């Protein structure tokens, strides 16, 4: 588990580093694996229950593996009044998944977020960390249809930078 | 060296030791302030909000929880004004509407003056008082169970499944759980939830007098911290 | 980069950098903030650099990539120094033309000029843009002057001179006195006097004290702090350094929400550069003052904008607020005296130290000194960041600066203060925007979010939206917030779905008052505001939902009904293809029909129809 080692480097026995460690784990694996939680508990000196608790409290962390492509719809107030809920409707109708879930083939995960700070350009959707603005249900449908074609390596490259 | 101080609770002059919470001081003096999440041996958390009181300062009053408020010399506390009674009743109403399947919660609702429940009943198995979690981490240092999730999906769960290597079998989690005592008329099934009102009035006919401990049913057993003060 | 050993070194560096900047004949400023990045400005920047090099102009013409200017909907933005010629909506394809005609030829390209939506006039320079003209951009005007990744740019405009002053001529008690006299109140929403907070912390005994910058900016619709951190991170660092100097802290933290990756990147770069120059770390500017700053990221919890929850998060724990009977200035991070200030509050500090308290206090309204940045979004023509003196009215901001309604629909309300605030109707638009006036009207200024809503917005649905938001974000610890908000949401949902009953309204108000009085933290305490303000100002909408089962704005799904007007429909099939629920059927060139059972009332079909054949009842 050398990836884990590099994440824990310089942070061992420092309980307050827990959240930054979880961030790095999320970036590395796309989610927080149970094995990682056990390792982190031991190395940081934090009770396992606390690691689990923190990983479940903060919405950035996912305890289930996510799909190849993560679509994040901003549901902040400015995007909401410009119709962000229509975008959620679009994805639910098109792919039959609700926010927080992944398609059966693992191609797309849908998530919602409460504001990315690009409010003047709403509705905003992010695909694997790239921003799209003034998104309409039609535009989103096209974007999703085109998305099978992104290669896995490209996906990992983009999420690392986040 | 113990440092003593005096504060006024409901007009009565109460003497206590520095570092004591207002709730503790009141209970020791025989003043009833309903509470649920408070357990003397555990750290105060102020989660249930039932122990609210009004603190009068500079002509204004502030609503705050008495378990998290440290007693100070000259403090003026009112524990059962009409405003507090209304607020407390509303909180107890929310609790019993959420988890009616517990004699302790039903009793608490009656104690706090709930006469009708204006919300559709739920039948939750946990009222999230936090006693089990805090006993497990602060007292037994086992950390075998805890709160998981946030807001709506917050619930008590084991750390990644029940772990024999973590649980110390102390039993406090079940012993102090208010949901472990079923209502007098038996467990309430879905659709049958109601405000029971039987327990307290059945056993203790003395009507609830705000502010005065009447040694109600909640005091017997472990639901009220007054049992420590006899 | 050599370490600066004192004020003389700093002044010398500033002179040197300013001299070098004068040598540059022209500068092309391109906005690289998150908003313009979404509009592909990095491609414009790359294209410009490439073209200038190809034309041999890269020595004389400098490209400055800046952070957010706050006029995001017009991006990518380009400004030319000198002259302030302003181009908007620039694409990479425009670049060769710009270099040939504007850079080399000195000519203006009409199609790239900003067009004022109210007058229809094309405007040449930045100063002539009404959106900017009517503002008082004390803080925001710096954003185009600095490349956030260059500390030299910040020093060139006078950066870190305020810090130098506090290390030489202005002792900590005098610093605190100056901030107190300025009347600066916290810009994060609570409006606590900054000087008082610093004074209380400074009085606490002990060597271990902390300064925290709250950059969580959880209010959806607000992005002032993102803009400041991305565009001018050194301004905030300097503010923190001065705070630390004043209260005696040696360690600081900037807690940035995870959703602002560019801000995190720019702040980290700024910290590195400041350390290299000796403006951060041990022995700052050759003095005995030492202070360093760490960046910590949030993880998707609105409640972590609350100070005690933020500190719990910094300690690696869940963001559950604690009872505030002992305040953070006494016992905060790791139980040590802590000053926590919002980004914008800290951004105001250097100017107050350099220009003095009376300068700051001269602007604004009574008890609300200075300027404030607002993020104006929603159904208004000019969206973006608006910085004005406090005391400006809502009407001036929304109509004069914002340009009034968009899409021809009348403006109905403005939501201020995020989920802790409320919706104010047009009749309140002459109210002064400051810390106290809006609170008196049932809303609050909050951190500065202003979402304008027109007649296509249902106010009952908006209050449902906020309750859902707060329910998601509630930490769940205390009963009134965890259970009370959920019950308020239950009632409001009943109303939006046509099951509302008259008796529910007094219950909603009673419950709202309980939640507000008994919740443990600010999230719960202010949660009822959206609901109570909607009830107060838009009772007719509630009445329509409850008594008539109608949604006047045509939004609430259970109360509306989509139908295709057979006379207008030409059977093009666009709606059929667009419907994600397969609820529309019909043959080519024949009138189509919506199946009510399958229809999700999402309205996607009517958005696609070019013939206005789909109507809502």
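Letters A, B and C name the chains as they come in the text, with residue numbers starting at 1 for each one.
To be clear about the criterion, a residue touches a chain if its C-beta (ideal position, glycine included) is under 8 Å from a C-beta of that chain, and two chains touch if they have at least 3 such contacts.
Small disclaimer: the values here were computed from a predicted structure and weren't measured.
A centroid comparison over C-alpha atoms places B as the chain most distant from chain C. Of the two interfaces, A-B and A-C, the higher number of touching C-beta pairs belongs to A-C. Inter-chain spacing, taken between the CA centroids of chain A and chain B, is 39 Å. The distance from the centre of chain A to the centre of chain C, each centre being the mean of the chain's C-alpha atoms, comes to 22 Å.
In chain B, the positions touching at least two other chains are 147, 149-150. Across the assembly, chain A contributes residues 50, 53, 57, 59 that each touch 2 or more other chains. Residues of chain C found to touch two or more other chains are 301, 318, 472-473, 475. Residues 137, 143-150, 157, 159-160, 163, 166 of chain B are the ones touching chain A in the complex.
Remark: chain A residues 15-20, 22-23, 46, 50, 53-54, 57-61, 75-83, 85-86, 89-90, 92-94, 113-122, 124, 129, 131-133, 136-138, 141, 161-162 touch chain C in the complex. Against chain B, in their complex, chain A makes its touches with residues 34, 37-38, 47-50, 52-53, 56-57, 59. For chain B in complex with chain C, the residues that touch the partner chain are 44-50, 52, 63-65, 68-70, 86-87, 90-91, 94-95, 97-98, 118-120, 128, 130, 147, 149-152, 154.
Across the interface of their complex, chain B is touched by residues 301, 318, 322-323, 325-326, 471-480, 482-484, 486-487, 490, 507, 510-511, 514, 517-520 of chain C.
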